[in-house]
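Next, two complexes with subunit A in common: one pairs it with subunit B, the other with subunit C.
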Partner chain A sequence: MTTAVDETAQPPAPAAGERPPRSRSGAGRRRVLAQWLFVAPAVLYMLMYFSFPLVRNVVMSFQSYTPATYFTGEAPFTGLDNWRAVLSDELFAASLWHTLLFTLGSLAGQFVLGMALALFFQRRFPLSGLMRSLLLLPWLIPMVVAGTLWRRVLDQETGVLNGALQGLQLTDSAIPWLSSPDFALLSVILVNIWIGIPFNMVILYGGLQEIPREIREAAVLDGAGFFRRFFSVTLPMLKPVVTVVLVLGFMSTVKILDLILALTNGGPAHATETLGTHTYQLSFLQLDFGQGAVVGNILILVSMVFAVIYLRANREGVTR
Partner chain B sequence: MRHRLSRPPRGAAAAAAAVALVCAGCAAEPDPDVYTIMNSATDEPYHSWDDEVMAECGAQAGVEVRQQSVPADQLVPKALRMASSHSLPDVLVLDGSDMPQFADPGGLVPLAELGMPPDELSDGARSFGSYDGTYYGAARSVNSLGLFYNEDMLADAGVEPPQTWDELRETAAELTEGDRYGLAISALSTEDGVYQFLPWLWSNGGDERRLDEPEAVEALEFVSSLIDDGSASRSAVNWTQADVNDQFVAGNTAMMINGPWQKPVLDEHPDVDWGVVEVPVPEEGADPVAPIGGTTFTVPANSRNPEREQVAGELVTCLTASDAQLEWSTKANNVPVAPQAAEEYREQVPELAAFADQVETARSRTEHVGTDYSVYSQAIGTAVQAALTGEATPEQALTRAQSQVEQELRSRP
Partner chain C sequence: MSSTTSGTAARGVRPTRAKRPDYLSAAAGTAILAVLLFPLYWMVNTALQPDAALAEVRWLPQTLDLSNFRRAWSSQAGNLLTSILVALGAVAVCLALAAPAAYALARFRLPGGRAVVFGTLITQMVPGIVVANALYNAYVELNLVNSYLGLILADASLGLPFTIILLRAFMVSIPEEVLEAGMVDGAGRWLVMLRIALPMSRNALITGGLFTFLFAWSDFLFALTLNTTDAVKPVTLGIYEYLGAHVGDWGAVMAVATLSSVPAAVLLVVAQRYVAAGISGGSIK
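And now, the complex of A and B:
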């Protein structure tokens, strides 16, 4: 875009001869204006829908913001009260810990299984296309639907999973997948892994296709076995894609709300409470928007760190 | 998600555009002859039934009525957003437990000012529609909880529907066999579960404001014991009230605690022969105290157009008149609040008469704690789950809940 403007703006400048500086600066100003005009809609959009709410959210976390605020417009500033209240709450520490386990557990599971499937489908075999598209299904189902579905599957008494496990005599008694605080977080992670596998598989599969066949063949000729090939050739060449998959996966996982609400509502006894569900409960169930904003801001901050990592990784990928 | 709730600033052009986008369709100057009633009746046939009665009442008042239905969980956020842009509907149908949030900042008109004093109402109905002693919300019909039982299963076992806690414990144990539980309850940490815990708490003389007292601990110990005995499923901590009903219909349980709104689903399964009695009480002869649920018709304050408030009052009067209550209640499986209508209801719908009795002694959830109800509700939900999953003893769980409430309320101005 800028080069196009340059070309049209440049010729008149030398032709003006007598007063090149003024004419040049006039054209330059027009060029800058034109550039800004192109950027303006995006900037305006960003300000309206991203910066404004973000700043509001930060300000809100220092205010006493209640339902009454919507009527009176008054939200007195209370300093660090909201932050203190949230950070001193045991539930916040628990949510933070659960969020960490949930995110890392989900990522690890999704990535390993997604990678395994991507490698598997790299071979050519009949019906691989059909199987690959079937594997995409979990990705297409809305989270709430997946959550509701799995809640039925995992029900301690009437769930299909326990029925199958007991039928095959793999377990003696019904496993309280969602009804025991000891199992609930694990179950939620497993369901989220199921949902995330397709995303990892598709992106990694795409990355694998980019690796030139000759390199692999050369490695085979050199006598490298499967694992050697994978760790010394495939994985290093896949590194930019892996970074992108993990960082994007992290950002979408850390804020997951709907899946957990549909599966366990954060329970039992807060065993699956994450930062996402915690901010939802503070804001929309307790209607304490100020404290909800605090947790929301922390979540945004965490995501932002990884967004920066993502941008850096992406730039590396592009310049490569 | 939250930013959409934030109060739009006035003045900024960008924000004005944002408001216009968020609030498409809510005109600044309402049509003088068109009145809006916002409710959560998104489901059929309720929406169409409401359309009919609202059109009728509109015709009586000489105006056109438009029904605007929003999913229940989005009604409060949406109404708050509308409040901040002074564009609330003429009549707002609020859940009883949400009403104080709107009455507290002066957002609702006291109905006495619109010619609707609560003089003839029962205590329960008055407390249900009141906040801080002032009556703001007229109920058309209310509901509560009862003990549903499978008649065939009870007859097979040769037992009667239980009336006391001891009887319930015995009956539930007796009816438990194989894959079948004696009793199903919802112990979700959200309102579904809390609503179901309140009858045990209140009937035992417990008070949500003093959760660490023996009456409350006893109530939670009782519920907990049903699960420890194996008479009720541990999955209760994950069951909504609708899930509980599914378990009942599927024959996985012989009894359940649930509300009259399940009747349409039960009616779809004519093979299930059911009856309903009041929730069992700790001692014989004690009054069962269950929570009242349901919605109230409120009139948002409209300082720019006081005459609209008057007409809105007429609409509410018409919608909540005794005969309108009876008609709605019989159709929608709720209980009318007007005593005379309740009397006729018992005759017309004998299978749900237990709820008409239950409502007489039932209590409003916000009567004592007002706008703080959500804080108490969260704490109770957590305590119930902690006890039922064995994470804490009932006493520990409730002591923790009490200090949690106190801490949260202290952090509020």
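And now, the complex of A and C:
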């Protein structure tokens, strides 16, 4: 980030041939209008696909939707009924808890392994660039596909993981990775860690490249060992990148749905039900969009807490 | 930041001449790669073996048996085509909306421009299921359920904020003089954008388009929720239903999974520097 000065600078001046805005003059207003035409389609689209759903979900959470709604078109307002029904349901508390475990567990695993790989790939060795690219594959394939292929790997009877564990005599019996409530959430987290490692690695690797070599060399000369160097020099200098990785990771993990649907469908015995799958079940399987909206709104509230951190971390990006 | 879009692409770093290449690290890297990519290998390996339902899948396929792929193709070819059409449509919509917006946000001192950039960042927080919840009901009223247009428009939302932010960051760095030259020649704002700014931003456009394609190709949520019939069925939805119906027939299921991973694999080979640039460039901002 050698261009720190530029980053805090104002957006560039208007293109040549355009005078600085003369306030309230007709020409100035026309110019602003003409410029807004560039942005208007994207803004309208984002209002339709992001803002409208946010507002509509709040409204829907006070309405009663039933399967009959799609014949009558009527969804009467019922006050706080949906909220009471959802919040008093044990399944909601369970999904909130699973969401937090899934998100934090995934983040911790992805970050630690992604960081280890980023540090490893700082070494210069033959084919390292090719290897780094190939490592991106798990992140690039559709999540439903990742879920499907891991279902095959984790299958209790015919899965290769149990086959290998038993062949190496690490376990006596086949572990019910996805079919037992005790293991299912852990398995889903492990698969999601696998998916998220490349994302963490790429961004952290980029951050590491920005740290001047001399600083590390100076630390080496001062006699700092690997761990000392990592925790006293590298990690503090990497802090902005780490924040961004963790917050972006949080926001994309907290709403994951397709992976869980493909792996376990929220089961067994709701062991992998999260706020996302719970919303889906309520809205699209039970056709109670009102209660689904309640859970969706709570999912947004959870994300918002972290959004604040995100925007703080991104302040430079916003003002640039 | 411009370095991420052009320079630090994932290319092999050559060892310095003075030192001998570090073969030990290369071996360790290969081992890491083998462990992490093993599930993908296993997917392809299972797909290539005829009796894949059994536990006795071999570590290497004995013969190249394509019967699973033939069955997968016969059931999913149409869905793959749907995925391609929807993803390309989403790319077109996304770039058409993002390019002028990013140009204006980068080059004009627009009243309210900052609020738009801020809002664009915020949209990344909105969970897809919340969008789907409201969108389904709006789509019912607008007659967009089970339509290509409906799914294309919804999938374009997956890449739009990312593309705007990426393009804007790129366009900010175009030297003012270059655009001024265009204005002096009498070209209007749109022409300057089309003839000068966009060609210069080619790499960022490719990166944005590439990621929008991948996001749309991978989309499962909108495919699942905005379609109630088989009229518009992308391959992600296809594999989900196939898995439900043929959970014992792993060979065929893994063949479908392999087929639907093809775009990711192809892009990684053909456009790897844009992929690496997109992951880092789009998120650090």
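Convention: the second predicted complex is superposed on the first by the 267 of 320 C-alpha atoms of A that agree within 3 Å, B and C clash if a C-alpha of one lies under 4 Å from a C-alpha of the other, contacts with A are read in each partner's own complex, and residues count from 1 in each chain.
Here, contacts are C-beta pairs under 8 Å (C-beta built on N, C-alpha and C of every residue); 3 or more make two chains touch, one makes a residue touch a chain.
In this text the structure is predicted, and so the values were computed from the model without any measurement.
Asks: Tell me the contact category for A:L178 with respect to subunit B and subunit C: first, second, both or neither.
Replies: first
Asks: Determine, for the superposed model, which of the two partners subunit B and subunit C contacts more residues of subunit A.
Replies: C
Asks: After superposition on the shared chain, which partner residues are touched by A:L117: those of subunit B (first), subunit C (second), both, or neither?
Replies: After superposition on chain A, A:L117 lies in contact with subunit C alone.
Asks: Per the contact definition in the header, classify A:S128: touching subunit B only (first), subunit C only (second), both, or neither.
Replies: It touches subunit C, and subunit B stays clear.
Asks: Which partner does A:P268 reach: the first (subunit B), the second (subunit C), both, or neither?
Replies: After superposing on A, A:P268 lies in contact with subunit B but is clear of subunit C.
Asks: Is A:P67 contacted by the first partner subunit B, the second partner subunit C, both or neither?
Replies: first
Asks: For A:S283, using the defined touch cut-off, is the partner it touches subunit B, subunit C, both, or neither? Pick first, second, both or neither.
Replies: both
Asks: Under the stated touch criterion, which partner chain does A:D258 make contact with: subunit B (first), subunit C (second), both, or neither?
Replies: second
Asks: Counting only touches as set out at the top, which of subunit B and subunit C does A:F52 meet: first, second, both, neither?
Replies: both
Asks: State whether A:T78 touches subunit B only (first), subunit C only (second), both chains, or neither.
Replies: Touch partner of A:T78: subunit B, not subunit C.
Asks: For subunit A, which residues belong to both interfaces, subunit B and subunit C?
Replies: In the superposed arrangement, which is not itself an observed complex, subunit A uses residues 49, 52-54, 56-57, 60, 70, 151, 155, 157-158, 279-280, 283-284, 289, 292-293, 296 for both subunit B and subunit C.
Asks: Which of the residues in subunit C end up touching subunit A in this complex?
Replies: By the definition above, subunit C touches subunit A via 4, 8, 10-13, 15-16, 21-26, 28-30, 32-33, 36-37, 39-40, 42-43, 46, 53-55, 57, 96-98, 100-101, 103-114, 116-138, 140, 153-154, 156-157, 160-161, 164-165, 169, 172, 176, 179-180, 183-184, 189, 192-193, 214, 217-221, 224-225, 236, 239-240, 243, 250, 253-254, 257, 260-261, 264-265, 267-268, 272, 275-276, 279-280, 283-285.
Asks: Write out the stretch or stretches of subunit A touching subunit B in their complex.
Replies: Touching subunit B: residues 44, 47-49, 52-54, 56-57, 60, 64, 66-73, 75-76, 78, 81-82, 84-85, 89, 151, 155-158, 176, 178-181, 264-271, 279-281, 283-289, 291-293, 296 of subunit A.
Asks: If we count contacts the way the header does, which residues on subunit A are in touch with subunit C in the complex?
Replies: Listed in rising order, the residues are 10-18, 21, 32, 34-39, 41-43, 45-46, 49-50, 52-54, 56-57, 60, 70, 117, 120-121, 123-145, 148-153, 155, 157-158, 160, 163, 194, 197-199, 202-203, 206, 209, 241, 244-245, 248, 251, 254-255, 257-258, 261-262, 276, 279-280, 283-284, 289, 292-293, 296-297, 299-300, 303-304, 307, 310-311, 314, 317-320.
Asks: Any idea which subunit B residues touch subunit A in the complex?
Replies: Result: residues 1-7, 14-15, 17-18, 76-77, 80-81, 83-84, 101-102, 104-107, 179, 181, 188-190, 233-238, 247, 250, 252, 371, 374-375, 377-378, 382, 385-386, 388-389, 391-392, 407-408, 411-413 of subunit B touch subunit A.
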